[in-house]
Amino acid sequence: MAQINLLQAINSALDIAMAENERTVCFGEDVGHFGGVFRATSGLQEKYGKARCFNSPLVEQGIIGFANGLAAQGTVAIAEIQFADYIFPAFDQIVNEAAKFRYRTGNEFNVGKLTIRSPYGGGIAGGLYHSQSPEAYFAHTPGLKVVIPRNPYQAKGLLLASIRDDNPVVFFEPKRLYRASVGEVPEEDYQLPLGKAEVVQTGTDITLLAWGAQMEIIEKAAQMASNDGISCEVVDLRTILPWDIETITNSVMKTGRLLISQEAPLTAGFASEIAATVQSECFLHLESPIARVCGLDTPYPLALEKEYVSDHLKVYEAIKKTVNF
Amino acid sequence: MAQINLLQAINSALDIAMAENERTVCFGEDVGHFGGVFRATSGLQEKYGKARCFNSPLVEQGIIGFANGLAAQGTVAIAEIQFADYIFPAFDQIVNEAAKFRYRTGNEFNVGKLTIRSPYGGGIAGGLYHSQSPEAYFAHTPGLKVVIPRNPYQAKGLLLASIRDDNPVVFFEPKRLYRASVGEVPEEDYQLPLGKAEVVQTGTDITLLAWGAQMEIIEKAAQMASNDGISCEVVDLRTILPWDIETITNSVMKTGRLLISQEAPLTAGFASEIAATVQSECFLHLESPIARVCGLDTPYPLALEKEYVSDHLKVYEAIKKTVNF
Amino acid sequence: MSTEIYDDGPVVHQPTFIDGTSVEIPELRILRQNGTTYPKADLPDIDQALATKIYQTLAFHRVLDERMVASQRQGRLSFYMTALGEEAASVGGAAALQPQDMIMMQYREQGTLMFRGFSIENFMNQMFSNAEDLGKGRQMPIHYGSKELNCMTVSSTLATQIPQAAGYAYGQKLQGLDAVTLCYFGEGAASEGDFHAGLNMAAVQEAPVIFFCRNNGYAISTPTDEQFKGNGIASRGVGYGMKTIRIDGNDILAVLKATQIARAYAVKESKPVLIEAMSYRLGGHSTSDDPSGYRTKEEEAKWQSHDPVARMKNWMLKQKWWDEVKETALFEKYREEVLAAVKVAEKIDKPHIDTMITDVYDVPTAQLKAQLDAVKAHVNKYPEAYPFTAGKF
Amino acid sequence: MSTEIYDDGPVVHQPTFIDGTSVEIPELRILRQNGTTYPKADLPDIDQALATKIYQTLAFHRVLDERMVASQRQGRLSFYMTALGEEAASVGGAAALQPQDMIMMQYREQGTLMFRGFSIENFMNQMFSNAEDLGKGRQMPIHYGSKELNCMTVSSTLATQIPQAAGYAYGQKLQGLDAVTLCYFGEGAASEGDFHAGLNMAAVQEAPVIFFCRNNGYAISTPTDEQFKGNGIASRGVGYGMKTIRIDGNDILAVLKATQIARAYAVKESKPVLIEAMSYRLGGHSTSDDPSGYRTKEEEAKWQSHDPVARMKNWMLKQKWWDEVKETALFEKYREEVLAAVKVAEKIDKPHIDTMITDVYDVPTAQLKAQLDAVKAHVNKYPEAYPFTAGKF
């Protein structure tokens, strides 16, 4: 097992997917010869040829429209949107088309072979158009799966599972961790399950739940809280849609408390769905209100990014407040 | 005061807005001479000329892009999207542009003069592309206001307020009620406040909350429940974003119970945000879990529409379950 | 390699503009209304068998449209869209292709399905959203589709199929198939961003796709001069560097000829082609529409005189491949068949309640199963409120 | 009225295709690299004062780009984008307009702001996201804008400004103003659906907008032959029925001439114009990019020899409006000014914490105020973690 970073893990998953099936193609803006602006597709065109790994014109709605057509035809289509902030021009092709393809055709056709990869999230001084976390926009869309990994090991296993899953998957990659997150990753093929949360650390006083780049933040906060004698159960949701209600409610039944940390703005974010479901499923077990630590209800800022985002200190404070309710 | 239907109320609001300010324009697909496929803009081109009320080419992203430019220039832009199901090609212009215009420019520029009107919702045998209720997609977008009226009186007063409000407003019109909902509406100008819910009926046992076409459903269910001796407080949210937390939490503090009925699918719908906030704000007052009665997590169906949607019977059952928790 | 244009192209030293008139776009016409072909006209590949099949399809199309509008007026059907006056585009397009070619329709191309053998029952089951509908009763009437016939199910969202067609064709090419994708759309839909995306990507990726624009003069109430200012849709082919032809859309032989050439070119060169068929929507936009609100009877009458079905019939008569006896018998037969099929289809049950949650994902999720169970319990409690499903599971 | 095309256009009876070569698009060149103009070239309106202002702007542009790249390399600045090699497009475009005209930029048009008087301090405050930034420190460096100067604030999302420009211009027209909107965009951005939407709507609505495409050969790493297959962007003007001209984008006199004519036409006829300026992005896409990964030094060198600033300088020298003494003094002065301005700007505080919630709506909502209060309390609790705001409110 080698120590590699999150980008390399993504690249390795793509390499395996392209090697195993010659009907797998990768494309998007600057994805070809250049290997993508973050270099996630580095070397793939060289290895698999220009027909299977190529630059698309600069048109997100075209990228996903084209990918929908490819997937309907039976080609394994892995489309990259250069930044998650630029996924919105493709919103109709994702939400009205990809998500509803199988349903509306009565399963005559489907785009299960589609995977959309896109770097998301803040912390890189990117301002409002290079920092967004748009997962909640897709979570209200039956038919899609939405997956977000927290580290290189997760990234490779979840991306391979996403590519092979027979449903359209939106796969958001925490770009702040692309080079910052390094870990042991097997060179060979493996998959991690979609739709399954992972209990990363067991605990008894409160459940801390997050996904993607927020995971290291809640882990850090859990560490701080443990110095105060608070025992946190730390859970990585991993798949936003369809989400693993069972693992989360089991954890909350045990701890009696839940805190969700999310980078996106508070209002109508995915943390709200979780809180709404858990208050209903675990009503009699809850010892304090479910806490949501989120971005403010503003666009993502630049200069005051630190003040804006959910960080370990805010989470730590919210843990104390929840436990001492 | 005349008895008019919801479409006529919309038309009257548009007429007043165009009469009072010659810098007001109305446009969209088939909006001109024809007066729109539902006839909401009927007679406006005749009265105010083709320059101020016109057909646009068939391109939603262009309609909203054009409208953003008009509004930035200081023109009052009222754009129609023919069906809310077709608003997604314009998602980028709404969510990345309109919503963030004032913020990103530091208030050098803004599109406060923009109003987007669109018929939404099911119940008209429209299937998955003529029935959607996409309000939650916009509710996760700071900078937008989202407004939904329940009847002709509300429609006229809220639309006039939306047009005059100095923020971009997405105004969804319950098309099932266009002709079905008839009521007394003053001929003259009046406004109803944005960001304010309305308590439509006071009660003591449970708060029923909805918006738009779901209002008549919860009112009917409240009626049924009252026969069982259950006293329902019925509230119309009216503005989805920014929403009136205070009125809702005040009501729940009093009744101790909350049920939200929503046409859109359950997961990550706006009902989830309300439940998440209320469980936190009213934790010690809640006597039972907050109930969400929603569409299933599937695209909107055609043949089995009745089975799918939240109706008075489903709400009635949920009331009893909540009250007897 | 970037543009090497600096010393390549023509240069001027006085400002020289181009505009919409810079390119002339002739319209291909082969067949006159009276059934004779133009002298020296370049005929398509067509024999009596193919001609008869095409004409019978056109006849069936007329009958189906007429009967279904009537059914809608009687309140038996919720919605319908005819293709009155522009049937040659869809039928001729399909007739020029091979069965393995994918066809993506907008919604006014029922003729392609008919030509490929979509049965009366298939049509009816879809329109009556019953349990036998291939689409499981989930889309409004006229949203047909068939995997077996390589006809992609119609989606209401306009123009989304255009970039999808580019991708589908690119997939066919990657696999080395002898197959193309043909994509229909209206001149209104061609205003969408997806049109630009799809044509440009097909050109750049060299996908074997035939973009077939039906320019029928209107998008609901919006006439073409409020839709664009260029010379139709064909003039856009210049900008995409795409081989492009304009044809008389009411001329079945022109449709066949152009599409046959386009297919051969797309397969051989592996490049896209754009066809613009000039026609006219003789009927309302749909059964919900009344065109008298936005156009004149005179305009309609003018186009009535270019009727594509009458034109083909005249040709068939001249060829001695057809006669009035056959004509009467055929129309009568179709009318009876359609009427009978309506009666059967409207009595078939609605789809089973379990179909509420299938096909959202490949396999229903636990949440969906729980939601379905709740609906079932509820239906059992209030059977009279849910007559389509109560007692049927 | 619908299409009256049936008996209007040219007709053929043999299949006749058009394609990307059907229209010739000459490129306007007025000024040679050596500073002489072509014989019989049609010169723009320009006198010594305007020429000097333009040249000084170009010089300032070079200096700013050079210094800011250096600052970025030193770690003082997070990000920068030069317009090296294509400055004539933005400076010449602005110089052909009136101050009341709106200019919408993509992001490589700092030259327009310079020409209109955006101060060194304005530039620096934006790039250092400090409290004096007109944009309140909310966007990445180079996202400038100014209401006072009628320069719309840059948005990162490509091509969104194109339909907005059509709408803005339509608003100007409705008000009867003597004003146009000029909209810059790259040849890459022209692939977006918003491009199609914007140009078509401007044509149909007859908005007085000048669409100015900078075709600089690349969109990040993607060369034009992987971006489109047509003859540049100008060839699309045919499809929109839009007056269109291609110019040498490195020829300041051609830029001026074409934009002056376009403005006069747009105001008089109230119709849009498309200009395609052929140029080359001599630098990296941004300071985050290294173009050696996707193109050759030879290609760069070739375009280096067409440098627009050197070209104008040669002309100025020939006109005797400029000399080497002035040249040296000017560049020195600008270098000092920029360096001094960097030093000042980087020391100015970040925006006040209250700006976190302003401008989301016209007035902050109750929820936003509560959220801000919570942040403030938190910052006060952990001041060392939030050094930009702690102790400053």
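As written, the chains take the letters A, B, C and D, and residue 1 is the first residue of each chain.
Everything that follows uses one rule, which is that contacts are C-beta pairs under 8 Å (C-beta built on N, C-alpha and C of every residue); 3 or more make two chains touch, one makes a residue touch a chain.
Predicted, not measured: the structure shown is a model, and the values here were computed from it.
In summary, the interface at A-D recurs among the listed pairs B-C, A-C or B-D; the equivalent pair, sharing over half of its contacts by residue number, is B-C.
Of all chains, C has its CA centroid at the greatest distance from the CA centroid of chain A. Averaged Cα coordinates give chain B a centre that lies 39 Å from the centre of chain D. Between chain B and chain C, the centres computed from C-alpha atoms are 35 Å apart. For the pair chain A and chain B, the distance between C-alpha centroids works out to 30 Å. The set of chain C residues touching two or more other chains comprises 138-139, 143, 155, 157, 191-194, 196-197, 200, 204, 226-228, 360, 365, 367.
Among the residues of chain A, those touching two or more other chains are numbered 54, 57, 59, 61-62, 85, 88-89, 92, 96, 103-104, 128-129, 142-143, 242, 267, 296-299.
Those residues of chain A that touch chain B in the complex are listed here as 61, 85, 88-89, 91-92, 95-96, 99-100, 103-104, 128-129, 136-137, 139-140, 142-143, 241-242, 264-265, 267-277, 279-281, 283, 286, 288-292, 296-299, 325.
Remark: chain C residues 78-79, 129-130, 137-140, 143, 155-158, 188-189, 191-194, 219-222, 226-228, 288-289, 293-294, 350-351, 353, 355-357, 360, 365, 367-368, 371-372, 375, 378-379, 381-382, 385-386, 388-389 touch chain B in the complex. The touching residues of chain C, when paired with chain D in their complex, are 1-3, 5-6, 9-20, 22-30, 38-42, 191-197, 200, 203-204, 215, 217-218, 223-232, 234-246, 257-258, 261, 278, 280, 295, 299, 302-303, 306. Only residues 23, 25, 51-52, 54, 56-57, 59, 61-62, 64-75, 77, 89, 92-93, 96-97, 102-110, 112, 142-143, 145, 166-167, 195, 242, 245-246 of chain B touch chain D when the two sit together in their complex. The touching residues of chain C, when paired with chain A in their complex, are 102, 133-136, 138-139, 143, 145-147, 152-153, 155, 157, 160, 162-172, 174-175, 181, 193-194, 196-198, 200-201, 204-205, 358-362, 365-367.
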